[in-house]
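In the two complexes below, chain A is the common chain; its partner is chain B in one and chain C in the other.
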Partner chain A sequence: MDWTYFFNEVVNNRDALLHGTAITFAVSLIAILAGTVLGIVIGIAVTYGNKPLRWPARLYIDIIRGTPVLVLVLATFYVSSAVGFNLTAFQAGALALTLFCASHVGEILRGALQSLSRGQIEAGRAIGLTFGGIFRYILFPQALRYALPTWITAAVEMVKASTLLSVIGVAELLLTTQQIISNNFLNMQFYLLAGVIYFLIDFAIEQVGRFIGRRLDQPTRRAV
Partner chain B sequence: MNYHFNFAPILEQWPLLLSGIGLGLLLALVSIAIGSVLGLVVAFASRAPSPWLRSLAFTWISILRNLPILVIVLFLFFGMPQLGLSLDKITSFVVALSLYASAYMAEVFRGGLLSVPQGLVEAGQAIGLTSLRIKRYIVLPIMFRNALPAFGNNFISLFKDTSLAATIAVPELTFYARKINSETFRVIEVWLVASLLYIVCCYAITLVLRAMEKRLVLEKA
Partner chain C sequence: MTPIVEVRDLHKRFGELEVLKGIDFTVAEGEVVSIIGASGSGKTTLLRCLNLLEEFHRGDVLIGGEAIGYHLRRGQRVRIGEREVARQRAMTGMVFQAFNLFPHMSALDNVTLGLTKVRGMPRPQAIELADHWLDRVGMLERRDHRPSQLSGGQQQRVAIARAIAMSPKVMLFDEATSALDPERVGEVLETIRSLAQEGMTMVLVTHEMRFARDVSDKVVFMEDGRIAEQGPPQRLFLNPESPRLQAFLKTSSF
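== the complex of A and B ==
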């Protein structure tokens, strides 16, 4: 195996690789942020909503979670153009990942909110808070502590799922890697390199999550 | 929007779609079987007395859990032949999915192992069981029962991940959906049918697993 050739090729393609990594970051970040906002709305609807709110939210979660991400990505890409929204591959991919992320965050938040006792809401009402106030000051801070570890896992899943956008032609890290490979045929080396980069990103997110988790955990631990 | 729905060209290909979903289920079943065996070994290694074995197990879990499955699939299918290991696409996909599953199953089993009360193990020692028998008659049955719900979730995830086999042209459901999509241009219909098939299958798997869980709980009572 010729490693000097590989290192030369890495240096020659460094701009493309960095650009691909940046696209991976961008699309993951959009999906995580937008998906979290949408997911919080869905999570609240599914936990505290009345029937006309709860059922669509439940249906949304079940449909999106029952579909493979790749099918979601392909469907968003092809269907959006068929119905006349002319989204670019990047936009379609970001939309698909956002929808996917929202269903996960919704389900995570539901689990966390349901683990809180009803007495908390009643106490909030008793001191005259509106539902918005109860959620903001009582439920959300507590739910956050429960939900954070799973939310971090979901964030890692988003970065991993962003590789699927290579299938619809978004030049993120994996597609960039494939393009480089089609020029130099260093299949193993470049897939390995892509694997290392993805691992480092995901591992970093995981470690940050652990760190924040420990920080959030402290007050409870002291109280026990 | 002026779109006229026409499901006929898709329903003509019904046998293909069904064979695709059958292959997906088969791939998921084989992978979770191999992944569970591997995962069980890794789970026990993660609690072994030797620190080397323990860190090896945690490294295994950490690496495989933080890699995108698509990268593992492509690496094995396109990269390994360079090392002289050429596998056909189905075998290489099963290997990739099994490795991926092993990390998740190791986590599941590790959680299951932690949930076995220490007192039961000590009780086993007290009546003079060997450590192998303690594992066989006490630890493993309790662990499996506790691990079943997580096992089910992983199986559903793996089943959905079989859609990635389409990227290396394994003829499963997503592969046929893309094929029909480009042949007939019935875009909305084909993706609607494909997602529906996946959703129905996932739901059916959930029902089967729930029934299994109920039986195990009854056994416990």
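== the complex of A and C ==
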């Protein structure tokens, strides 16, 4: 293998690679953050909502989770322009991943909330908390501990799913890599490089998750 | 004087099944009332109606003279809003069979949560009050422990502190010792007894007949959704009038 040629090519294409990585990072971050917020709302609706709230939320989770992400990405891109929303490929892709992420987070949160004992809600009621307070101080902090490992997995899935945005022309890391390879034909080297970058992003997410996990497991005050 | 708890013609259904079939009883200030009866007689449901953990279908529950849970709008019973329900619930303190401490919080924070978030008390003041009650139930030394680091009896004593720190008008105990190991029952009963002696108004659902006899001012015997007999413990335990109560006391050990 000609390492010098490869390194020269990396240096020559560094701006494109950095840009591609930044796009992948940005679109994943948007999807994870916005998807988590939306997913929490959906998870609450499906677990504690009355019928008019619970059914749409349930339907949302089942339909979106049951749809291949690629279909979701293509549908968002083409349907949005057909109905008059002129989203850029980046916007459409971020939206599709957000919707996908929300369905997973909703289902993860539902599972975690349902594993909590009913006595927790009753104890919160008994001291005079309204549902908002019970959720914020009692249910959510506990559900977070259960849900965190699965949530990290879902976040990593979002980074991987972001590669599908290459089909609608978002110049994220995979599409950028393919474009570079079409010029220099260094297939193996550049796909490996992309793989390493994806690994580093996912590794970083897992480290953040571990950090949050450790923070959550600490007692509110030190045991004496 | 207005009774602390007044229950008038209380009815409660679970679907087709009527579990409370017209309950009337009162609890005066400083009074300790024990509710006894076989499983399924409706005693826990009655207790849960007193702090609106269960809805009821007919009749009234008054806490400190205030009708809870419902108000009348054009002659119709309407359930009151969530905020009002929450405020009314805080008039009573509930101790559960399964303790139901918040497992992600220290013993101290279990007690301060309601004080800061419901009563709006500043944290230093809430900690001071929580420490006072944790000390009172003998748990001050373990205030920084999580529930999982405490025995059942210790957890239940923290749960008592959590409820009583909110200064409720009446404390409700739902089989507070039923989930405990036999050797842990005594410490919790002792805590309840000492609170009773200080004049705390209490309603206890219990299977501890000896305790009910020794601590209560009044005993209520329930049978099939109704109060079959009520009165001072001496009379009920020594001279039960109804054959049902006679039979029940024969099968309960104490």
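The definition used in the following text is that the second predicted complex is superposed on the first by the 213 of 224 C-alpha atoms of A that agree within 3 Å, B and C clash if a C-alpha of one lies under 4 Å from a C-alpha of the other, contacts with A are read in each partner's own complex, and residues count from 1 in each chain.
As a working rule, a contact is a pair of C-beta atoms (placed from the backbone, for glycine too) under 8 Å apart; a residue touches a chain by one contact, two chains touch by 3 or more.
The structure displayed is predicted, hence computed values, not measured ones.
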Inset, instruction - Would you check which partner chain A:Phe7 touches, where first means chain B only, second means chain C only, and both and neither mean what they say? - result: neither
Legend entry - Which of chain B and chain C A:Phe85 touches, first, second, both or neither: neither
Legend entry - Partner chain in contact with A:Trp55 - chain B first, chain C second, else both or neither: neither
Legend entry - Partner contacting more residues of chain A (chain B vs chain C): B
Inset, instruction - May I ask you to decide whether A:Phe211 touches chain B, chain C, both, or neither, giving the answer as first, second, both or neither? - result: neither
Inset, instruction - Have a look at where A:Ile127 lands relative to chain B and chain C in the superposition and call it first, second, both or neither. - result: second
Legend entry - Contacts of A:Gly66 with chain B and chain C, given as first, second, both or neither: first
Legend entry - chain B/chain C common contact set on chain A: none
Inset, instruction - Show which residues of chain C lie in contact with chain A when the two form their complex. - result: 51-53, 82-83, 86-87, 89-90, 92-94, 96, 98, 100-106, 108-109, 113-114, 117-118, 141, 144-146, 149, 159, 162-163, 166
Legend entry - chain A to chain B touching residues, read off their complex: 1, 62-63, 65-72, 74-75, 78-79, 81-84, 156, 159-164, 166-167, 174, 178, 181, 187-189, 191-192, 194-195, 198-199, 202-203, 206
Legend entry - chain C-facing residues of chain A, complex: 117, 119-120, 122-123, 125-131, 133, 137-138, 141-142, 145, 219-224
Legend entry - Complex interface listing, chain B residues touching chain A: 1, 3, 62-63, 65-72, 74-75, 78-83, 160-164, 166-167, 174, 177-178, 181, 187-188, 191, 194-195, 198-199, 202-203
